[in-house]
């Protein structure tokens, strides 16, 4: 919950960590319908790439930290940009190629706020959220180490890295 | 049609100028289903703000220039980022509050390409495409002049302004 | 021997219609055409930020731009976005 | 008198399980706990980039961090994103 700098009304973020597949189109349609006064809605959908050697992807989280951390990230975004709504839905568990991993959507009166908030949320989800990822290739699971790019993306926002 | 710098395969943009309301959720679901190998899909939906004094919005275009210009913009984006697909759907005609005006979606292996291409396409659609906008307020139509912000947004890309 | 004139955006209001048919002026140049239009219309379309498209292509707004029978001439004020 | 140990990410492989129960060490400190673990596990969780959460809160990895009966201690390697 954050105060909208312009309207003064409270804007609540919808932040969810889900264990089973979700329908990003239905989520986004619902979010859009809830924000008719938004001039712009930016969304990011991350999905398990099909056509790679990766047979499955697993994201593990740590209950006491992961969802609270996602809520803190949403509060940061709401405090930083003039948003009318923010949606973050993140999977955990085992996912197949083509399945959605994460959906972020930001609704704002002006499109720059919506773009910036969605971009910011993704950079921080990728590099700062409490998720650990492994992939199954040729029947064997292997843990994925963080990419240097993730830290470079985070540096764009002049914010601290993973704690 | 542009050549994908990495795969070498041709990537076609889906660029449409439509005279009647469209369903952005259905468009985005269809686009997403067509790109299972995309790691990230960024979309922007612009809609007529509800709750303002604006009763209706009309966008006029000029047939010989508007759609060809949109296709040129799509080709620029495909040439500039490593995309797997690009969708641009733009309304013309009279729209009511809450109705979609424009949907841009970019699919890419990596999310930074998708974000940048969608952001770029919107900045150029807003400031460089051949659309003229008027609003009906209190029963009277008035033409909208370009906003200085539109030119500032465009300058982020080191590209020429409207020709 | 005529031209089709197209007025976009606010120029539609200045011209009183989105499209007009005008006789091909003599000499067949842009400046002669502007001279044949009602002064308020000529003034509205001569503003520095109005672009010109001849048969669907942007052309420079020079006084001696040649015109031909059947040409479509569009006057394009600054765009105001999607 | 025991602790619940949680191993995230690749530390799960090093520990052989995502969670283990360990007896509360004497003295009840982090360094004593590490000394009681199999050396390969102790080495894996002692890497400079592994963070520590005690009962769901990040705490500094100092040798004399006090532990109590029933504590949940999680070892968090660098995250690898969504």
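Lettered A, B, C and D in written order, each chain numbered from 1.
In this text, a contact is a pair of C-beta atoms (placed from the backbone, for glycine too) under 8 Å apart; a residue touches a chain by one contact, two chains touch by 3 or more.
Owing to the predicted nature of the structure, the values given are computational and were not obtained by experimental measurement.
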| item | value |
| --- | --- |
| Fewest hops from subunit A to subunit C - one hop per pair of touching chains | 2 |
| Subunit A and subunit B: spacing of chain centres that average the CA atoms, whole Å | 23 |
| Centre-of-Cα separation between subunit D and subunit B, whole angstrom | 51 |
| Gap in Å, rounded to a whole number, between the CA centres of subunit D and subunit C | 77 |
| Computed distance of Cα centres, subunit D from subunit A, in Å | 28 |
| Per-residue overlap in subunit B, given as positions that touch at least 2 other chains | 46, 126 |
| Multi-partner residues of subunit D (each touching 2 or more other chains) | none |
| All touching chain pairs, where touch follows the definition stated at the start | A-B, A-D, B-C |
| Residues of subunit B that touch subunit A when the two form their complex | 24-26, 28-29, 32, 36-47, 49-52, 97-98, 109, 111-112, 114-115, 118-119, 122, 126, 153 |
| Residues of subunit B defined as touching subunit C within the complex | 46, 59-60, 62-65, 90, 101-102, 125-134, 143-147, 150, 162-163 |
| Subunit C residues within the subunit B interface of the complex | 6, 8-10, 12-13, 18, 51, 53, 55-58, 72, 74, 76-82 |
